[in-house]
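As written, the chain order gives the labels A, B, C, D and E, with residue 1 at the start of each chain.
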Amino acid sequence: MGLKAYAFETSIRGALVAGALLGSQTARADPPALGLETIGRLELAWTFRTGNPRGHAGAPAVSGDSIFVLTPFPHALVALDLQGHERWRVVPDSDPRAEGLATGGGVTDGPVLAGGRLYLTTLDGHAMAVEAATGRVAWDRAVASLDAGETLRNAPLVQGGRVYVGSAGDDAGARGWLAALDSGTGRELWRRLSTGPDGEVGIGPQFRSAYPTEAGADLGVRTWPPEAWRQGGGSPGPILADAELGVVVYGTGHPAPWNPDQRPGSNRWTSGLFARDAATGAARWFTPTNPHDEHAYGAASPNLLVDRPWRGVDRKLLVHPDPNGFLQVLDRETGLILSAKPIVPTNAVSGLDAGSGAPVRADAKRTHADTMTRDICPAWTGPVLAEPALSAETGFVLLPTSRLCMDLEPRDSGVIPGTLSIGANVRLKVPAGPAGALVAWDLEREAPAWTAEEPLPLAGGVLATGGLAIYGTLDGRLKALDARSGRSLWEYRAPSGIIGRPVAFTGPDGRAYLAVLAGVGGPLGQAARGGIDVRDATAAGGLANAVRQAAYRDILGQGDESGSLLVFRLP
Amino acid sequence: MRALAPAVLAALAFAGCQRETRDFRTDPPVLAALDDVAPLPNRIGGAPPDVYVALGQPYQANAYALSEGKRLYDGMNCKGCHADGGGGTGPALLDGWWRYGPDIVSLYVTLRDGRPRGMPSYADKLNSEQLWQVAAYVQTIGSYRAATAATSRNDQMQSRPSENRGPARAPLTEPPSR
Amino acid sequence: MSAPAILPGELDRGAERAILHRQLERTWATPAGFWGALTTVDHKTIGLRYIVTAFGFLALGGVLALAMRWQLARPESRVLSADLYNQAFTVHGANMMFLFAVPVMEAMAVYLVPLMIGTRNIAFPRLNAFSYWIYLFGGILLWAAFALQIGPDVGWFAYVPLSGPQYSSGKRADIWAQMITFTEIAALAIAVEIVVTVFKQRAPGMSLDRIPLFVWGALVTSFLVMLAMPAIMIASTSLILDRLVGTHFFNPTEGGDVLLWQHLFWFFGHPEVYIIFLPATGMVSSMLPTFARRPVFGYLPLVLSIVAIGILSFGLWVHHMFTTGLPRLGESFFTASSMAIAVPAGVQIFCWLATLWDGRPVWRTPLLFIAAFIVTFVLGGLTGVMVASVPLDLQVHDTYFVVAHFHYVLIGGAVFPLLGAIYYWYPKMTGRMLSERLGRWVVGLIFVGFHLTFFPMHFLGLQGMPRRVYTYQPEMGWGAANLFVSLSSILLAAGFALFFLDVIRSARRGPVAGDNPWDASTLEWATTSPPPPYNFARIPVVTSANPLWSEREALPVVTGLRVDRREIVISSVSDATPQARESSPRDSIWPLVTAVAASVMLIASIFTPWAVVWGAIPVAAALIGWFWPKGLPEDEA
Amino acid sequence: MRERVAIDLAHLPLHGRSTASPTWWGTLAFMLLEGSGFALAIAVYLYLLSNAPEWPIGAPAPDLGPGIALTALLLASLVPNHLVARWAAKDDIRRTRIGLLVMCALGVAPCILRIFEFRALNVSWDDNAYGSILWLLLGLHTTHLLTDLGDTIVLTALMFTRHGRNRRRFGDVEDNAVYWDFVVLAWLPIFACIYGVPRL
Amino acid sequence: MRAGRRLAIGVGLGLGLGGCSGSQSALDAHGAQASALRDLMGLFTVVCGTVWLLVLLALAVAVWRRRASGREPAEPGATSERRLGIVVGVAVALTVLTITGLTFASYRTTRGLTGIADEGVTIRLRGYQWWWEATYQDQAPERVFRTANELRIPVGRPVRVELAGVDVIHSFWVPSLAGKQDIIPGRQNEITLKAERPGIYRGQCAEFCGLQHAHMAFLVIAELPENYEAWRSAQLRAAEPPADPEAARGRDVFLAKSCKACHAIRGTPAGGVLGPDLTHVASRETIAAGLLPTTRGSLAAWVADPQTVKPGSKMPLVPLDADELRAVSAYLASLK
């Protein structure tokens, strides 16, 4: 089986990700020592407190005997040795106004290590390169404008001498864009937007969509009411690169504002998947997954690139757990959807239209201005917020899922500078049954191989290594399961909820290490921290309502005042 | 006793009027004077403008002003960050544990000038009277004001007990020590 | 001459007439003075009080109407601000419906029914006193609020969401809703009293087919009240709950419904019109024979049409909602049922015309009012047929056409008979006649003034003038008609002013009336004018539908009742055979205390729901005081 | 006007019972108007139900326990209620007193159960219209329970005073029993609405 | 400011007379629905008028016919009772017949009203306290736009107006074209308009909706289809950048002051939704929901002192100095 695994740096919706080819960029992630037999012996080596109370998403970067942690906003980039001693620390200047745009808990991701440099983005819109050895800032560019409502959430993607950076700011009505910077100097090479005229979006002769609906000039303008595309949203999600095809692939966020009646039309190029030429940014293909997005789903979820046979033919696949609840498998050369199956209970979308690839929406769950639609599943947060992983040993895709539903009442919303024009009342709900699950998806059978149910939604990424599935939960449990069966093998109780992704590596001493950031936050963990009053059901994007229900109640107030890095080691 | 009755009645009448008057038009000079707040150097608390005192603090206990404040709270996208008082991207207002304190002048200054951590300035979006109305409404969210003149629920999604019901339920968590 | 002591259990047999009167006087009379005024349970005192209060509210409402006409006389006039105008028309409408029209009709029944059926007091006289106090406090609540500029400003039917928590800030709409509660409690209490009085206290021999038509009207009205008013109680309670504690009855987002309010309101609101109108037709039917000098034609059809109107009135509420987008076919059903009510109404008109035709009319003021009523009401009824038609209603709904229509029906159909009734029964109530000369002026001014005021409004409506606008723009071309209407309203107001003048003047100076100045046929004319506290020294025995005409020699009466306690005759429901000698309660302060306690509770509950809890305690205490036996002869059984 | 005596009524009782009593008719009239209140509240319930895409809205159906217990209790209370009425009709003061004490207890018990019933609704009055109408229905009926309980307690106290031995009081007891019947019977359709309809 | 206020009153009372009035009368029918209703109204008026006159006649005769005198109450004879009975019976029967006939006529018209096909233009109309927002719908989203307080419709084509409720109940009523239909929060209503000839038809909110219910008017302008299409394409364009310096300064003031928080002008950053879309405000006949004709003077008056012109309206007084006011009014007047 020509199976090739990629792992990525990611983050969370709204805040997002950057993927990286793990093999070339970070420490090799398959220490032979960490496996089914040894996991029970894993023990905590040391912890490092970041002193930052926000949610800690993503993963640290590891190189040799150094671990690099980018703390949440206001950021600090900290280099630690393998004993947990601080080597150096870079504290970029921060613009506190960014906190006003920090939707979904304002979690960020990074850093990314490449060629001896750490690349990172800051919430307040800077992209930076820092020498890994010394902590010297190589370059620092302001690429996103807070005034326009833009922030940076995803870790950058570094590939082929270019640093790809995607904006965030759908809820502020900012037009999403993807920019490529020169990795040496930080100079901007190109910038492509998710809405607007073809020239700005990068639609040109190279563009060939698998679906006829995408043909036509200036769809980024013409599928909107006049001028509405100027506040259209559609910020990129985690970015993946396929060096072989020379493309970068990412999903775009939801259109702005939430109220669908304010933006009739299919609202190109939001809520869909883009493949762009890695060198020029020209669009190769676009596949809409939630055109005229009525539920603020977007399509900016973390994806996986998988090369494997599909119905007998070797294919380059894109595995996309769409926020509408369907796991979509696409051919990443053409953007054609090969398969779409629900991975969580869904009712908003009943299936996909074969001709256009567009979701078939259930009338009962459509939304309209000033009208409440109840019990839409999944919720706007989507089923998968954090990085899935491909288990090399089993071939299963390990998906950390949440099963939240929502009540949604879109309302007219104006574009007022400096404010978030969400314009919707929303309450998240925990449906009957478990609120989350780790789903091991068998691509072959297009069905789950096994499901490990969780009382709380899963909001952190999964690490697949040595036949294990390792992930953290909102109530601070770090768990290791047998990737073949889902059997629980090991569990550790962290001081705070985990929304980060564990990383495993072998130290220069040859011992197997496991590192993970703990610090609850993000769209699904925000309410556990201070600053949110859950008496208001609509607080924190409606999360407060879910928190008032069920198991969530237990984690209230358990957010540590500081996040921490936990480093485990096999003896 | 005889003398008391009319006095009580007059007091009631006055209180009633105070809560219920609807002055739609404020003279431009008054509007300008209403902006003359004197916040303390740390911009927390301070003295309200003379005209505000002279008018008898016309917004904090006036039902119409509060309902206008609530309308503007919704219309000016305050909900985008603070939700219906529970917070989100911005801090919660419902708990009453406010970074810049519950003083009306603080609120006014917060709204007018913004605050460094993401709170935008509304000076170019609302006039001084409207700023007072929103400030007064926000005070009722934190239950700093008597409930009789406070607004009731909106014809929208139910999110929490409305301002006129005050702190109807105990919070599930202790207020954070901020 | 001091009266001999009354022995316990002494009967009225064979006593000297003068002595009997004095004995009954001692048992039944309310002590003079302030305390007596607060404690009285005499249906005549309370009824009169009710009538005077209601006319007081009529005058206040009329002043508001004039103020509104002043504002509307010119386009973009600034006599009243929009805010004040909206309060004015709301208070005018609510006042006229809830504080004048319904109460005055019930008050007339409170005064007249016991007299007309030959009993000494209404059933549950203390409830009656309570009803008046509650009504008075409710009225004061509304007007005090208006005086303080917190009058409700949402229209007399207070449609949500405008009256709901979001769009009506402050306590204005709550005051409207709670005023409803006050007046409904008062009206429901009277309805119960009237029903029981008519069922159980009729003079021996007054079988169902001998009941005066006014009493029939009052009876059917009382049933309408009991069946319809709970709807508005539910509605206003829901509204207060929505506003105060955040329920969602009328919030469409959370499963409530805006039209639910309209359904509930009009399920009450349409019968409400008949609650006002049926007693008025009863008055006409009762007055007409006196002046036509013959028994009314078609007693049975008249009774049946009163009952039929009562039943049909519950089947037409949707015709107030034709523009709300309900299914058209369903609406057509309501068109049919609304028009069907024209049939019983027509039957009444035809019977009255037949009575007049066959009689020998005596042209006194009450008959003039009846003629004015027929002319005006028929026109109002016919425009009613027009608004009952779905397509026509789409044009005229909520315009001045409708304003004209319902003033024709309510003033023409109810106030004209009422004024006639005041002229007719005033001698009974006061012992003095109203001026016939002024009376003719009153009829003329009101009739002419009314038509000049309201007839042009039909055209204003068709020309597109919506109702409830505080002003209109000059270019609309409505100025001339509005000015004409406003000037005419002065004429109408002058008529009413003259009426009030006559009423006040004649109370002292009018010619003494005597027992039966009109030579009428019903029992209330068998006693003195004004009647003694016990109404009848001896309860009459009824032998026909027109007892005073058929028993012109001597009225048959009963004996054997005790004089040492307030005693009345209880008779069977259908043929009025005597069943028991029942006592009637003495005066008491407790109804007033209870009314005060209940008012405190109701008003406080606008501000906090807990008022219902702590407010219930004094109410309960007062009720115990009310019902606890005091060991009086009335308590004997 | 001249009069002639036609009948003498001295033989009639000083107080009528049952249909010869105005109080009885008054009770009936109050039952009619309160019954129409109940009917309209139920109509509101059905109207909201017919408008809603799902019912109950956003909440599980109410728990049956307290409701069934209360219904059983109310139905059971009809037996002593009718016994009291019968004893009162026979002017039996001793039994009437005992019966009234029992009825007081049987009036207090449902009020206590009612507290649990409100909790078992699984929805708050301010959650949505479904919750609102449930609380209204239950509240409306609770008001009747409480007022009749108050009435019964006062009447019981009265029966133990010197005013007790009076045909009038026995009549009051009978009327009170009729009203309790009404309170119990009015509960049945409300019970069906609150507990039955969401389970259909 | 004082001057502005006086100006406002002057405009409100005086200039308002000029120009913009359209017909607003149910009797002046220019639409299919309104004509049917007017005809039915005629029928009802004739029938009801006749009935009324007959009753009056009967009353007059009953009153003035000759008869024996005497005050003693008469016991009616059996014959006369029977004769009267027959007459009353016949009258009641005639009443039933008339009522049935009218019900039938009414029903027939109702059926006719619902029978109009709904092809052509679709407009989504929302009533706000106290103005109207119209969104012209189209299959192509780029042809969807918002305007306020004025509907332009092509003559001869049915126009479907979808009525969506937002705040309180309003009622959409253009008497010359059709009957009224309420706009109810939480419910979807619609009405079909069809103008038979070009003209300006005035409409007004017919359901009491609060303080300024009286000033919640709008115009329906029926135009020849080609004019309509031209208008529609013009409306789709974003606002032109102002040509003359004063208007340009006005735009800057507009964007610097609080105007932008509530109003949208396509082509500028202003994107508020609390007030009417002003992209082409000067192309509309009136401002402030039919209250004032659109002139630079009335725009200035309205901006200078809205609470005097329309007390209680949601338009706040934005403090502007004289120059700013002049510039803003120039800018707004340039938004054709």
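We take it that a contact is a pair of C-beta atoms (placed from the backbone, for glycine too) under 8 Å apart; a residue touches a chain by one contact, two chains touch by 3 or more.
Every value quoted in this text rests on a predicted model; they were computed, and no experiment measured them.
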item	value
Labels of chains that are neighbours to subunit B and to subunit E	A, C
Of C-E and A-D, pair with higher C-beta contact tally	C-E
Reference subunit A; chain at largest CA-centroid distance	C
Distance from subunit E to subunit D - Cα centre to Cα centre, in angstrom	52
Distance between the centres, which are taken as Cα means, of subunit D and subunit B, whole angstrom	47
Gap in Å, rounded to a whole number, between the CA centres of subunit C and subunit B	46
Centre-to-centre distance between subunit B and subunit A (centres being mean Cα positions), rounded to whole Å	39
Residues of subunit A engaged with two or more neighbouring chains	370-372, 407, 409, 413-414, 416-417, 421
Residues of subunit B touching at least two other chains	22, 24, 75-76, 125, 153, 155-158, 161
Touching two or more other chains - residues of subunit D	57, 126-128
Touch relationships between chains, expressed as pairs	A-B, A-C, A-D, A-E, B-C, B-D, B-E, C-D, C-E
Contact set on subunit D toward subunit A in their complex	53-54, 57-58
Residues of subunit D touching subunit C in the complex	1-16, 19-22, 25-26, 29-30, 32-34, 36-37, 40-41, 44, 47-48, 51-52, 57, 125-133, 135-136, 150, 154, 158, 162-163, 166-169, 171
Residues on subunit D engaged by subunit B in the complex (per definition of touch)	126-128
In the complex with subunit C, residue positions of subunit A that touch it	370-372, 409
Residues of subunit C touching subunit A in the complex	252-254
